[in-house]
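Okay, so chain A shows up in both of these, paired with chain B first and chain C after.
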Partner chain A sequence: MNQQKLKSIFAEALGIEESQVTDTLAYNTIPEWDSVAHMALVAEIDDQFDIMLDTDDVLDLSSFAKAKEILQKYDIRFE
Partner chain B sequence: MHTFWNNFNEYKDRVAVVEQVGKAYTYSELQQDMERLQKKIRASYKQLILILAKNNYEYIVSYLAVLQNKDAVMLVNADLEESLLQTIIDSYQPAYIIGDVHHEDYKSIEAGILRRSVAPDYEIFQDVALLLSTSGTTGSLKFVKLSYENIAANAKSISEYLHLQTDDRGLVNLPIHYSYGISIINSHLHVGASILLTNDSIISKEFWKFVENEKATSLAGVPYTYQTLLRIGFQKMELPHLRYFTQAGGRLSEKLISVYAEYASRFAKKFYVMYGQTEAAPRISYVPPEEILNKIGSIGKAIPNGKLTIDEETGELIYEGPNVMLGYAKDFNDLARGDELHGKLHTGDIAEVDADGYFYIKGRMKRFIKLFGLRLNLDEIEKQLEKTLRKDVFCVGTDDKLFVVTDVMELKEEIKRLMEDLYKLHRSAFQVKVVEDIPRLANGKVNYVVLKEMML
Partner chain C sequence: MLLKNKVVFITGASRGIGQAAALLFAEHGARLILHARYAASLTETIEKVAKVSSISPYVLTYDVKDFPSIKNSFKAIKKEFGRLDVLINNAGVMNESLLGLVSDELIGQTMETNVHSVLYHMQYASRIMMKQKEGSIINVSSIAGTNGIEGNSAYSASKAAVIGATKSVSKELAPYHIRVNAVAPGFINTDLIGHYKDERLEKVIESIKMKRIGEPKEVANVFLFLASDLSSYVTGQVIGVDGGMVV
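Up next is the complex of A and B:
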């Protein structure tokens, strides 16, 4: 469920199709994921999961796979 | 006039430029590399050189080599859309292009340098040194013409009020085709200090590693930079080498000014809120950091050697100083013209001044609309709403309709109520729109032109 939720957050924040959101999707590899979109993405993750990502995690969140790994630290589980 | 680009031999083995990859270049190496390029592009007449700039050493070399040669240089964003770039090339017909581009009128003389096949046949006024666009991404053909004196004088003023010294290591985290970015370079080289070049964004790990490893003494930002810095927790970073940080390129909210002023005082750093325009090379005024908490929202006082006044009739802020541009250009024909402003710039901003001589921008002259005969200042409305909402809102409009734009759906009703209460406006006179992604320029500023188009 969280997997799907995160996928739609990515699609929404970056303005791309959900089918484009795969584990390998990474920051700066598509024009849609630039620094401005990154901050929108972070804001959306904060909001939707009701958390506040730390500085290091905001900077580390460089791919979809990495996002899942980071979110586990905030007790958000991905099966 | 001390033209810093003619003075590099004096600093010899001091480091002039450090690149993100960690390579450092001394002033002697910089001078040698400039001379190497000059030999390739020198002509018996004054020419225009176009640089498709990125924040890398080779473009700094090119920029300085052209200045030293007394040729004219045009800095353009290397990422500019191809067809926009072609239009600029056709309109200005530069003798050389430094960067990565193809154009039928140009032949490559070596990697990254193109020469116009038929030598351009137009005149360039002797004082024209630097052409900068006032908008980084739209590819407008309108460029600001700055003279050698404009650049040198502004570099000197900036280095004075920032108290720059030879051991400073200024981070250039803004694009060098942007007037704020190039002014960081100019002011540091003016005193023989070092510049740290990066193309990375403040949200990348590499960026902060570079800041730490290279012991950056300053960083710079537009309002959007400081909004982002807040979210990534800059105000908690100690950054022991950082001596000061600067903000320009638009109005920073009062809340954020307080946050950063308090951060600065907690960690014994200085926070400079500044104001300028590309037309002034670009710095016009600054708030002395020790006054920042007393003068929140002010653009401060004129820089050393500059003077600010307010036109009594129109309320327009007028700046006078040696850094005021020669004029605008729309194509190569305009490069022959001499100084048209004579050191006096009409900023287009409406301002007020307080009893201590601190200036406050009240809005753009052009950001006024007339609704039912009522003169409304869009910037003022934004400010008022933000005070209550504690969230950014954006106003655009025409003379018959006002749009208030937010990216927070939940605020819609509250904004409507506020607009009716504050301005006694009828609901039909304005619309509150929710836009998820506020359009922004490459430098992070709100793109009001696009935003307005979206509304109409």
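Up next is the complex of A and C:
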């Protein structure tokens, strides 16, 4: 459930298809995921999961797989 | 009412300009979030606000140099209000010292309080405001930041840094319809100038074209303009509130 939710967030924030959101999707490897979109992505994750990411985590959030790893620190589980 | 139901966060709201802003914004229907280092120091502001508004302020107490507390405060704001319309970065310190007497400790304390905390408050506020696609951030600089004041190099440097940060962030956040401006007060009747007496005070007043000290409310009036839709097309600006002071 959270996997799909996060996928939707990435697709919405980056303006890409959900099919493009895989574990290997990484920051700055597609034109849509630049630094500006990164901030929109962070705002969307904050909002949808009702959290506030630490600045260090914002900087570490370098891929979809890494996002899942980071979110577990905020008690958001992925099966 | 220019700010009816707008959620407004004011740091350093216990006295002076911050308190004046709290009162003015309460009169204009804002839902206030008031910050001070200690809860007791906000008592006077809260009592005054209660006389002009039926909405009780939400209180946050922390040292602005304690950066994890800044994040926790914004988490609390998000939980309590779900949004943030206006942030006023007003908390600050002024430590006078001639250049030769400026210490590492003084520089560190001044920069952490006046610059680092402003950046972190903007960072977290913008995360809430970006989602809303609207918001106004007002940073309090100083005539010391625009013109420099002798015996105040660290403070002047910190307030100049606030201007640089304001202009930079205004460009980053404009696409999200978040406006970011700075206000540069001159010589205002607050505790910060309490040690100016007699000849020294007269000399400063002489340097002000309007020949008087400014009042905190006169700065708060400019905050109100920048916080409200009256300034809907104004961003990246530094507005002096100094009565024509020359330094």
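In this section, the second predicted complex is superposed on the first by the 79 of 79 C-alpha atoms of A that agree within 3 Å, B and C clash if a C-alpha of one lies under 4 Å from a C-alpha of the other, contacts with A are read in each partner's own complex, and residues count from 1 in each chain.
In the analysis below, contacts are C-beta pairs under 8 Å (C-beta built on N, C-alpha and C of every residue); 3 or more make two chains touch, one makes a residue touch a chain.
What you see is a predicted model; the values in this text were computed from it and never measured.
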Exercise for the section: Please name the chain, chain B or chain C, that touches the greater number of residues in chain A. Expected result: B
Problem - Partner chain(s) touched by A:V42 [first = chain B, second = chain C, both, neither] - result: both
Problem - Which superposed partner A:G15 touches (first chain B, second chain C, both, neither) - result: first
Problem - Which of chain B and chain C A:D60 touches, first, second, both or neither - result: first
Exercise for the section: Could you give the residue numbers on chain A that contact chain B in one complex and chain C in the other? Expected result: 36, 39-40, 42-43, 54-55
Fill in the blank from the handout: The answer for chain A against chain B in the complex is residues 12, 15, 27, 34-40, 42-43, 54-55, 58-60
Completion exercise
Per the touch rule above, chain A residues touching chain C in the complex are 36, 39-40, 42-44, 46-47, 50-52, 54-55
Handout entry: Partner chain A, residues of chain B touching it in the complex
Key = 201-205, 208, 224, 227-228, 231-233, 236-237, 436-437, 440, 444
Completion exercise
Interface with chain A, chain C side, in the complex: residues 71, 74-75, 78-79, 120, 123-124, 126-128, 130-131, 175
